[in-house]
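Per-chain residue numbering starts at 1, and chain names A, B and C are given in the order in which the chains are listed.
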Amino acid sequence: MRELWRQAWTIARKDLTLEFRSRTAIVSALVFTALVLTVFNFGRDPTAVSTLDLAPSILWVTFTFAAMLALNRAFQLELENQALEGLLISPLDRRSLYWGKLLANLAFVVVVEAVGLPLFVLFFNVAVGHILLPLLAVMALATLGFVAVGTLFSAMVVRTRFAELMLPVLLLPFLLLPLTYAVQATARLLAGRPLSEVAGWLRLLAAYDIVFVAVASWLFPYTVEE
Amino acid sequence: MTIAQKGRWLVIVGLVLLGGVYVRALAFTPVERFQGPAQKIFYVHVPAAVTTELAVILMGLAGAFFLFLKDLRLDRFAEASAEVGTVFAAIVLTTGPIWGKPIWGTWWTWDARLTLTLLLFFLLVGYQVLRGAVTDSGLRARYSAVLGICAVVLVVFNHLSVYLFPTLHPQPIVIKPGKPDLPPAMLLTLLLSFGVFLVLYVGFVMQRYDIARRRGEAVHG
Amino acid sequence: MGDTVPQNAGYLMAAYILVPTILIAYAVSLYRRSRNP
């Protein structure tokens, strides 16, 4: 068990080192997030709809796209230089490959969200200080849900044609549920509803995460076996 | 008779029986007081929706069995079920708006059944898109199985989530336990229609399976 | 109470014709594809 985590951590560290050494991917993702937020500003009429009504949607659609972008590059690294075969021949447990990728993807998306949230607060003048902790909890749970399934699917699509198009088509149906839960929770938090009203949505998110992390980690070896 | 021929006969029988259901629905089932005749769209819309969901679940189960048994016939069945499911989904998604317009005044609503069927439709299309993008049959079967299993888990989770957290604002469900509260005459028409759609499903899947089988054998010899 | 039942049989006919059309179209598609897979 410890060995699994050690291997996963090694894989995650490898990925993250490569990512942040070249920085292209993370910078592009951050810029993309800022651009999406900007698009949302121009895609609405502030006199017709209050920002607070739209805010949860804006935040979560932005994060969904950002997660998708992050996941698209998940296995690109291996595809170039056929590193995937190298990983598979190594004595690494297949399951640790999933966990390692999951960790790396999570780290990537967390960085994007860590920049995205303050930008969102700035652009749309939404106060989140008083609800920051619960909001972070929603973000953590929803992101885990996005990335758990996304890591599994990105392993599959990387070997297909039109991978960048394929991933959203396959993944988005699975993101609809955690997205709904996250938006509902965020909307209630921003509206100042008591935490008891938010708790149910958090529980749904947690349930989704537990189920899909389990299913994805169990299925992952089937996507890379020979 | 080959599987395909049997399937064709089943479909013909199914279509004739569908006519029978029509007769029963139009002439021998009461008109709903407040919705009027358009309510009878229900008798094709609901069975189609249930059949779509059945198609998805069987597609996923076949995939799961394939991962364990490695029998490509299971994969071919899944392929067939996916395509047939898409056809039934199209029926739901077209009859839904036709029903919705006179009843609710709007072509589309995000009601439980339509939303779930739309989700199923996306899952089915995604499944077939994935299959189209992978040329190696073994890899394709494995990938499809993975996606199919995830799809079934998602659908089951969606249904169960209502029961896990009943105090929340109602979420999409199509199937609920307990007796349906339809008058007996309407219930019977509905059940007969379920049977007809099931017959059609089986007939179509048999034909589509045969196509998949012949394609697969052409490749492998 | 006592309002007349809504007159929307047109929609019913549209749906009841659409369904077998889709089913028959699919059946034909399957038949043609079985000729040359």
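To be clear about the criterion, a contact is a pair of C-beta atoms (placed from the backbone, for glycine too) under 8 Å apart; a residue touches a chain by one contact, two chains touch by 3 or more.
Worth saying up front: this structure is predicted, and the values here are computed from it rather than measured.
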item: Farthest-lying chain, centroid of Cα atoms versus that of chain A; value: C
item: Centre-most chain [mean C-alpha coordinates]; value: B
item: Distance from the mean Cα position of chain B to that of chain A, given in whole angstrom; value: 31
item: Cα-centroid distance, chain B relative to chain C, in whole angstrom; value: 16
item: Intercentroid distance (Cα basis), chain C paired with chain A, Å; value: 42
item: Interface residues, chain C side, partner chain B - complex; value: 5-9, 11-12, 14-16, 18-20, 22-24, 26-27, 30-31, 33-34, 37
item: Chain B-touching residues of chain A, taken from the complex the two chains share; value: 149, 152-153, 156-157, 159-162, 166, 169-170, 172-174, 176-177, 184, 200-201, 203-204, 207-208, 211-212, 215-216, 219, 222-223, 225
item: Touching residues (chain side chain B, partner chain A) in the complex; value: 67, 119, 122-123, 125-126, 129-130, 133-134, 139, 142-143, 145-147, 149-150, 153-154, 157-158, 161, 164-165, 167-169
item: For the chain B and chain C complex, residues of the former touching the latter; value: 4, 7-8, 11, 14-15, 18, 22, 31, 33-38, 40-41, 44-45, 48, 87, 90-91, 94-95, 98-99, 101-102, 200, 204, 207-208, 210-211, 214-215, 218
